[in-house]
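Structures given as structure tokens follow.
In what follows, chain A forms one complex with chain B and a second complex with chain C.
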Partner chain A sequence: MATIELIDLKKNYGAIPAVKGVDLSVADGEFIVLVGPSGCGKSTLLRMVAGLESVTSGRIEIGGRDVVKAEPAERDIAMVFQNYALYPHMTVRKNLEYGLRNRRVKNEEITRRVQEAAAMLEIGPMLDRKPRELSGGQRQRVAMGRALVREPAAFLFDEPLSNLDAKLRVQMRVEIRRLQRRLKTTSLYVTHDQLEAMTLADRLVVMNGGLVEQVGTPVEVYERPATVFVAGFIGSPPMNLIDLDYLRAQSAGTDLALPNGTDLVGIRPDDMVLIGPVEPSIALKATVELLEPVGGESHLHIRLAGSNQLAIVRVPGRPSFVEGSEISVFARIGDLHPYNRASGNRTD
Partner chain B sequence: MVENRPLLNFLSHLLLILGVAVVVFPVYVAFIASTHGPNDFLSGVVPLWPGPHLLENYSQMLTTGLSSSGAPPLLPMMWNSLIMAVGVAVGKISISILSAFAIVYFRFPFRTLAFWMIFITLMLPVEVRIVPTFQVVASLGMLNNYGGLIVPLIASATATFLFRQFFLTVPDELMEAARVDGAGPLKFFWDILLPLSRTNIAALFIILFVLGWNQYLWPLLITTDPHLYTVVMGIKRMAAVADAEPRWNIVMAAVMLAALPPVLVIVAMQRLFVKGLTETEK
Partner chain C sequence: MQGKRTVFPNKVLPYLLLLPQLAVTIVFFLWPAAQAFWSSFQREDAFGFKTTFVWFANYTKLFADPVYLNSFRTTVIFSLAVSLLSLGIALLLAVAATRMLRSSRIYSTLIVWPYAVAPAIAGILWWFLFNPSIGIIAYVLRRFGIDWNHLVDPNDAMILVVIAATWKQISYNFLFFMAGLQSIPHSLEEAAAIDGAGPTKRFWTIIFPLLSPTTFYLMVINVVYAMFDTFGVIHATTEGGPARATEILVYKVYFDGFVGLNLGSSAAQSVILMAIVIGLTVVQFRWVERRVQY
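Presenting the complex of A and B:
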């Protein structure tokens, strides 16, 4: 167990910067999820912490120790890979033992830890099988077990669930969370799946273009996205971003109570309603473009009247709308997220 | 093909059988010849049915040999061939797997150049560089010993290339997992890469063993001491006698015996061999 400090961490591939200076401090036992689109540098960042990528500049401290020059094995971390990376010619037991044997852990200790991990992950009956005889979910468990037996200072997860089918993914997600809560091992977890990010994280780190856009608890990030990018990235369907000028023109006379410098306003699809609320609100006329039923709710794609602005409204159930019909949508003034387009930042 | 056409079936089987016959018939004739007496070939008609001298011919060949043509008994020659074939196969595999490991997993200056240098030697088989190689071996005092027989044949671009291609298909994560697990480069090689290459090694061993066993020109050049003759060149010596008919029955017995070890190796390792050529364990 340990803290992790990243100080102005940078990575260039030749002349191309992949990570452009990241500062992050992870508390002991905290579960941090790095989330962002492909190519945002989140995996590179994780691999730098693991020691699998060299560091161009900056510092990495694990448990207060500078590890920039240390080999992966000397960093006291364990990593779970996307494609599991189990040794195909070794049995599950050997796979679990390998890292311990290399560290010259005593035999009784190895047996104890393997048994413990096997019990925790329910892979006991598979200990003498080879990885190719296991299903994807079982391999994932073994990969976790290999990290677990090491009892490391930190777990590093590199998109560990993306090779699993949807159902298994949910199941493993819950399991990872449960295990981490129980072991209280500091964890860094990379994913591009925002649902995974929201449900697993103590704190979320949203990355884009090699930089950190926002750090915060999932609820904070969802309720107050710090930048236009985060607003558009976190939340499904994504937040609607509408020009302030358009809103002003449509809701003349209503005080929008937005800070200076705002020229773009975000409204979550959940915050748009079809029946005008009692509180101060804005009303927008729109045309129905498409209705997407997704089960218990539906996503109503609309085009705002007199513009090319598209928006999505989340409505409960499966309402009947004719495509092309004219409707009105409402949003509470208090639910508006104000942004500045040029800086990309929140203005309140 | 899923269609069932009797004529096509018949024709394709006929063709296959003919092909097999063309390959097998000479072997059969050699075997028949090895069971006859020494004078049965002077008539000019090649016998096609086994004769009565099978055991006699083989035991003479194995123990006393053909002293008249300066060839030692077959058993020591086969022993020499075995040492040479195993030496060449093991040497080639060890060197090439290590060079492939270096080329794939280490970033050193001129790495690509090194690979292409190795690759280019494919264009220079032993026969092309035989005179300079002989000069080098002679200067090193390795004429007439096993070292001279084996060492010059050990470098293998083909095997290096094969191992390189195989290593490139091994996922990088495996190496990274090993690094996190505390395995250094050599430990990774020994614990993970080598076991994964098992079937490839077996396939290559067979090919290289047969190659080493069948070497003719190089042993002929490098050995003048009968104690070091290999069996393939020994056969040539027996067949080439001055002012007399070669004793074909004995020569053919030697041929049959010389063909046996490669067959045994292939039969013994064929399961691994096929696996090594067709599938990878990942």
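Presenting the complex of A and C:
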């Protein structure tokens, strides 16, 4: 149980900056997900908190204690690795016990904790097997168990689900969330999968190019992306970004009510509709390029009339559109996200 | 071996393709081995005028001979010392080299060099260094009050051949340990570090057990090397002396056969050595190559 504070944290590899100054306060028991494209510095950040990477400058506090100079073992954290990093020559039980034995925890206490974790993760029957005798999902559970038995101040997860197949990933995602809710252990979780990020996080930290783009609850980040990058990164399919000049020309006479400095407008594919709403809205003419059915809904790829701008509209069900046909799409004025292209920031 | 089985339409062709390899094996291995086996049951006079079939006389005589038994003991001491030393030093160097980030390649290259040196040259090199009259190391040792003389002192002689033989074998072991270390995922060590194990504990509880397949393999290879491939080293330095203190089994085969011209006994000794090699090979295949450590 602990808070984590990152203060102006920086990391350079030689002359190349990987993390360019990150500030973050994690409350006790909070589940924070670091999300971003590969190479954005999220894993480096996590590894710095774990003590596996040296810190170039800045401070890391875990439970109010500055740990920048502390060894990984002294930080009271447990980490789940992407490749699980189970000790292949030890049984599952030995794997779970290893960290406790190194810390000279009493035997009865070790037995109790291992049994508890095994019950919680349903790996009891596998305790005497070696990791190579387990399936991917079971190994994942053991890796989680090794973190659990330690009862650490914080859990660190480094893309723990990316080696699992899609079905198991969903299952383990739910399980991780359930466990964390129950144990209320502060957690930092790194992923590039935005669905994982959205579903797991109390708060999301969206990173890009070594910097934090936005911190907020998943709903906040989804509803009000702070930057053009976040707008394009969070949400699937991604937000359509359309030139304001083009919108103005298409919807002459409509008051778009956008703040000064806006030159780019974002519209979520869900906010584009095919039937004009009652609220004030803009109308755009477009050509159907492609219809992608994805099950319960379909993604309609369109090209806006008189431009090369492509956009995606999310439509319910499996409508029939002839590719190349002309349609009109509508978006409510209230659903427009105003941005400034040069600064990349939101303008309202 | 799994894999596709090729079916030859012609029954003779496969044997024809195997013939060159078979010919080499027969001419250079099976034939001499058979001859040695045959002569080990014979006694031949030094001039080759007369041979008598003596059944197991050569063998019984050998095992009653304290000199031969002593050579056995010398061989065991020598090969264990060489194997353990070269394994230990190579492992130490490999661990140190993998810790290096940029200079690791240069170190590896340098450490591998001795492997390219012929055994006799390695022997001569150390012989010069330790030479009681002109050797630099002997000179330094004398400064420290150690009177080094491998020409007279059996222990000094043994240490010299062990050093020379070990030095040459370190390179080979080093390469295998490097490869072994590099195949252990780095995240295991990181996980162990987070699990509260210090560098020494990490090495003995994680790295060393995971290296054990490599270590077992090298152990067998090293024993074979020390027993059979160090003839050059010994011949160039001590010639088995002083007072047979460094006369390992292979050297005795040569000495009794080609110097002492006791061909029957020499043949019997080489048959015994052959049995030892076969034994080691079985160990190698049975336990080392088939055994999955983890």
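Here is the rule we use: the second predicted complex is superposed on the first by the 348 of 348 C-alpha atoms of A that agree within 3 Å, B and C clash if a C-alpha of one lies under 4 Å from a C-alpha of the other, contacts with A are read in each partner's own complex, and residues count from 1 in each chain.
Just so it is clear, contacts are C-beta pairs under 8 Å (C-beta built on N, C-alpha and C of every residue); 3 or more make two chains touch, one makes a residue touch a chain.
Fair warning: this is a prediction, and the values are worked out from it, not measured in the lab.
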Clash or fit (per the criteria above) of chain B with chain C on chain A: clash
Which superposed partner A:G296 touches (first chain B, second chain C, both, neither): neither
Which superposed partner A:N102 touches (first chain B, second chain C, both, neither): both
Contacts of A:A50 with chain B and chain C, given as first, second, both or neither: both
First (chain B), second (chain C), both or neither touched by A:P72: both
Contacts of A:N83 with chain B and chain C, given as first, second, both or neither: both
Overlap of chain C and chain B interfaces on chain A (superposed complexes): 50-52, 71-73, 77-79, 81-83, 85, 87-89, 98-99, 102-103, 132, 146
Complex interface listing, chain A residues touching chain C: 50-52, 71-73, 77-79, 81-83, 85, 87-89, 98-99, 102-103, 130, 132, 146, 150
Residue ranges of chain C touching chain A (in the complex, touch as defined): 185, 187-188, 190-198, 201, 205-206, 209-210, 293-294
Residue numbers on chain B that touch chain A, as the complex places them: 171, 173-174, 176-183, 187, 191-192, 195-196, 198, 281-282
Of all residues in chain A, those that touch chain B in their complex: 50-52, 71-73, 77-79, 81-89, 98-99, 102-103, 132, 146
